[in-house]
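After this come two complexes, each holding chain A, first together with chain B and then together with chain C.
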Partner chain A sequence: MTDYTSENYIQENYALATSPSLRRRHAKEARFKWYGRIAIMIAFGFLVLMFSTIIFRGAGAFQQTNIALDVNFSEQVIDPSGERNPQALASANYKPLLTAALSKTFPEITARNDKRHLYKLLSSGAVFELGQLVSDDPSLIGTNQTIWLTASSEVDLFMKGKIDANLDETLRRISNKDISYIQALQKNGHIKKKFNSAFFTNGDSREPEMAGILGAALGSFFSLLVCFAIAFPLGIMTAVYLEEYAKKSKLTDLIEVNINNLAAVPSIVFGLLGLSIFLGVFHIPRSTPLVGGMVLALMTLPTIIIAARASLRSVPNTIREAAYGLGASKTQATFHHVVPLAMPGMLTGTILGMAQALGETAPLLMIGMVAFIVDIPHGVTDAATSLPVQIFLWADSPEKGFVERTSAAIIVLLAFLILMNLLAVFLRKKLERRW
Partner chain B sequence: MGQTVDLKPVNLRLRRARRSTQIKEFAIQSFLIASSFVAILTTIGIVASLAFEAFRFFEKIPLTNFLFGLEWSPQTAIRADQVGSSGAFGVIPLLTGTLLISFIAMLVATPLGLLSAIYLAEYARPKTRGIFKPLLELLAGIPTVVYGFFAALVVAPILRNTGSGMGFEISSESALAAGLVMGIMLVPFISSLSDDVINAVPQALRDASLGMGATPAETITRVVLPAATPGIMGSLLLAISRAIGETMIVVMAAGLAAKLSLNPFEAVTTMTVQIVTLLTGDQEFDSTKTLAAFAIALFLFVLTLGLNVVALKIVDKYKRQYD
Partner chain C sequence: MGIVMDMKIKTEAAVKPPIMSAKNVDVSYGKKQAIDNVSLDIPENQITALIGPSGCGKSTFLRCFNRMNDTISTCKTTGEIRFAGQDIYDKKVDVVALRARIGMVFQKANPFPKSIFDNVAYGPRIHDLAENKDHLKDIVITSLKRAGLYDEVSDRLDESGTGLSGGQQQRLCIARAIAVDPQVILMDEPCSALDPIATAVIEDLMEQMKEKYTIVIVTHSMAQAARISQKTAFFHLGKLVEYGETDKIFTNPTDPRTQNYISGKIG
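Presenting the complex of A and B:
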């Protein structure tokens, strides 16, 4: 028998523990563990870096510089006829009101060239803002009001510190004169950064300060609506057929192989399918959420089918047998008992599929949802873009003012995605049963 | 007692009821079969539309010119008698660009994905695993347009500045920037599939190795990984297929110039980039340029389909090995 406490054994083990080869092996073990930690840290660090840069760059876009002007809504200029015809009010020329108000704020500036600089402080969309105000409330006509109007992109960038005033005048997009005007306005408190509500209520625009994401967001919404209406029923019926009805045959094998391969087809190929079949053969209107939703539906179908099948499979057989035992037919057992029990899992899978569709860009580029569209879509057949496509368009724009808006649009998109994922997690936690 | 009940009408009613149920069952079943055919129809639609347009393209440009041509310049002239009016439609420069970016991406994604999968599957405590596994999967849920934005506006300038600081030139649209960011995007695909595969290796193999005195690291590199190799290869192939088909990152960060070059610091173009540029401009639907996009797409589809079929076969075969 070996005596484990003997001096000899301990010495032997000590020798072993300090042997160079064992030490090397242990060091290797520790190193290997660290490789894994470092790999995770790199991936995680990248995630943090990406999120923080986007938030850091985009946060500014939620504020917009506004300039306060005393506007005299002169009846002579806007509505000389006095009829208050809404159409005439909307299309009237509001520019004289702005020039008058600016001259009132800066009475000392008379030179023509200087005045032109002065007008450029305001966004070219400011006249439309006045028009909107008047058509919303015609009683403004004939009164004097202090109105906060959107400043131009250059002024906005300067106010946010994105233009370096120490730079040589020729190298920056805002002149010394402009800066002196801004400082004069600042002294009276007539220039201020306010919450940028236009970003959430406007459509796209060539002017960064007037551009908003509502048009793109609604385009995404309508596309997802179409996508859901097609993909959800189709996906669930396919899953029910494959799990509950189909016997294993060459045909079901073929369907299964198809679904698995479709899940891995590059998304841009679905866009080409939409281009040549939906647009080319069926002549569905181009650039509409209708055709966008149809393409996205085909793309998300495999995701939904795979999730729905897993969910159906998790419903125990005893449920089916109990239904049969009470005389239910196959269809009754399936649709009265199995499908409702599998529904939470199916919904979770569908929401995740929709989240994937919301972030998809490439196929939509193929079917013309990449156009410059100012109007806000009101239905599935109006031309529209989608949030990710809008991000792509703005990221491509050379205007400096669009940089922060791109990041802000990404923040909005990610917020929607996180919401959808949280909803899926919530549904899974709350409704899904463990059998 | 002794009373006889006439069952005839009851039987008849039952039979009728059964008959109507059967009809209903049949109708519903046919409906379900029909909807499951949409998957097949989609595949047929993809193949048919791509093949049809590509066939028209190959009527104008011979197949061999497309497959083996070393030059890509799809500019077709406005007048027929102009110099270089035919354009050059060789897919090789696009293929090398695609493979170069995919290679860089895999160079980043393979070690990161595999090592994270190994750590999460073999070393991490359940709590750590519960935190970092969803975080890694979050990377898969970020839209590719966001990665593209990040590659073009953050990673590319950093690379350019580091490059010029070290004395060599990295163009502002480079294969390196697109590849690096795409590599990060692919990490969750590799890690989550490899994680499943590693977990499927029977514990008995590990116990045997540990019992023989091997350290955990030795067990992983000499027993677990060899046993999991086929599945890991499958996950890598799937990731490559995704890299080849990825569009937005390369559209935003890789560039347009079709150069036959393997220099990662230069701008290269890919098949997906060319499809987008050829089809988003304003031109008539029948021009050689638009048809060329379909030919590239068919090539892309066949390539990724081949990779997927092989990958799924490997994974499938492996799955059965330890069942």
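Presenting the complex of A and C:
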């Protein structure tokens, strides 16, 4: 009989205590866990670094320095004929109103040179702001109003502390005199940072303080609309045909290999294709979201097809058999059962493909969506640019005021991306059915 | 149309011609032959059991009866299978119509991820069997009652069919097959994933169903075949070894291989 009480026996055959080899295994496990944690921490650290840099740099662009002036809307200057024609009012000469208002605020300044400095406190777009105000509301004519007008980029940067006043005067973009004017305005509370609504309602501009993101955002939106309208139905139909209908043959193998290869083709190649086919052969108007969307659709198509096929393949075969067993035709089985079940995966793939298209710059450069476009596009055939191209253009601009606008545009782009991903999650949750 | 009561006058089973008959059927997957020259008659309003060890081809043979093997591209079927006198592999036969006449219940319960009502209503809907909404509801309720499921789900017809228990799901699949009003119901190991109680419920159900339908069932369980079937076919390595009255197969088999299988020596 085995003597279970013998200490020797327990140690040899029933030992529950750890041994050196077990300890090595545990250590290995712990090490691997830590490798994973460290990798995640590094990745997360970079993410935080990226986001904090962008937000830190771009946050300033959501505020804009404004200067309050008492403007006398003299009828003699802006509408001598008294016709109140809105077009004429918008394009009238408002400069005299500004000079008069500035002289009223700084009556002590008379020297010509000093006056020129004084005018430069305001953005060169301020006259258009007045024009817009008057043409929207002609009853202003003949009255005195306190109006907040956009300050110039230099004043804005100084107010945000981005110009060091202790620097030598010759090395900074703002003179000691300008600073003294700003301080005088500050004393009366006539200079203030306000929410920069112009950034969200304006198109591009040469002046950083007047430049806005709306034109580029709408350009991106229209491009994606065209891209979705083309790529989604084409991609889904291709995937459904290849996965559910096509008999496996050398030809389908070839098509499959080519679709996979297309997904890896550099995007600029699609831009070249768009340039030579869409613009060169079909003469679709260049620089428009229409042609941009078509090029992006070509680029997104393989991604959508691959994602859609994978999600069709993941629908269990028992569902198809159940439908066939009841006498459903192939098309009924496919569109009543298989496609609805694959839809969440298809939509996720599509939205991820679209998100990739949203961030794409290279193919758009080839078809002229890189131009300096001030007007806000109202449809798919208006010349437009896109968010990433706008970021690229602003990053390329020498004016210091564009630095924060570049980061702000990146924030807008990221917000777009996050919204699209949230939409993907929402759709997946809503459409998902378990079996 | 709709569910019309079986008005056929019952004559003696021996005189009645078989509802389905297979003659010299060969099935191959690529180069591998799965069924080798099988001929077999299925009598009407009876339960015919196909038994045999795993991989003997009994499921493949069952799937020939509603041409389910057509969906597998490498599968090739030759020979002749007749349903009510018509060759079902004839070019003129519409496979959709065939599958409406010959329903199928699968090994793994596969309800659609839709409501219980929609699961049963799907067949009548695609075949335009219901004249209006009330008629459709009628068909669904009758089918659920025939499948012995109605009392358990009558208050939650709009809930998902996938939320039911395994045995209930399988009965839902039977109700779904019945709703199309077929003549023959093929069952591919319908109880293999169920516990003994759920199995007993389904066996009772089949007993009642054979009044109206012809049932062909593939089963692993010899006990089940002995309990429920009137005819039994024993398959081995793609060949039909023995076919006859269930009583005779289980008490007095002629072939030694059948003898060995039912006594547990092979399989």
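The definition used in the following text is that the second predicted complex is superposed on the first by the 385 of 435 C-alpha atoms of A that agree within 3 Å, B and C clash if a C-alpha of one lies under 4 Å from a C-alpha of the other, contacts with A are read in each partner's own complex, and residues count from 1 in each chain.
Rule of thumb we're sticking to: contacts are C-beta pairs under 8 Å (C-beta built on N, C-alpha and C of every residue); 3 or more make two chains touch, one makes a residue touch a chain.
Note that the coordinates shown come from a computational prediction; the quantities given were computed from them, not determined experimentally.
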First (chain B), second (chain C), both or neither touched by A:Phe221: neither
Partner with the higher number of touched chain A residues, chain C or chain B: B
Partner chain in contact with A:Lys248 - chain B first, chain C second, else both or neither: second
Touching partner for A:Ser329 - first (chain B), second (chain C), both, neither: both
Touched partner set for A:Glu321, first chain B, second chain C, both or neither: second
Chain B versus chain C as contact partner of A:Ile410, first or second or both or neither: first
Touching partner for A:Tyr119 - first (chain B), second (chain C), both, neither: neither
Overlap of the chain B and chain C footprints on chain A, listed as residue numbers: 329
In the complex, chain C residues that touch chain A: 66, 68, 71, 73, 96-100, 103-106, 108, 110-114, 122-123, 126-127, 160, 162, 173, 176-177, 180
Contact set on chain A toward chain C in their complex: 247-248, 316, 318-329, 332, 336-337, 341, 433-435
Chain A-touching residues of chain B, taken from the complex the two chains share: 21, 24-25, 28-29, 31-33, 35-40, 42-43, 45-46, 49-50, 52-53, 111-116, 118-120, 123, 132, 135-136, 138-139, 141-150, 152-154, 184, 187, 215-218, 220-221, 238, 241-242, 244-248, 251-252, 272, 275-276, 279-280, 285, 293-294, 297, 300-301, 304-305, 308-309, 312
Footprint of chain B on chain A - complex, ascending: 25-26, 28-29, 31-33, 35-40, 42-44, 46-47, 50, 53-54, 233-234, 237-238, 240-242, 245-246, 254-255, 258-262, 264-270, 272-273, 275-277, 280, 298, 301-302, 305, 329-331, 355-356, 358-362, 365-366, 370, 388-389, 391-392, 395-396, 403, 406-407, 410, 413-414, 417, 421
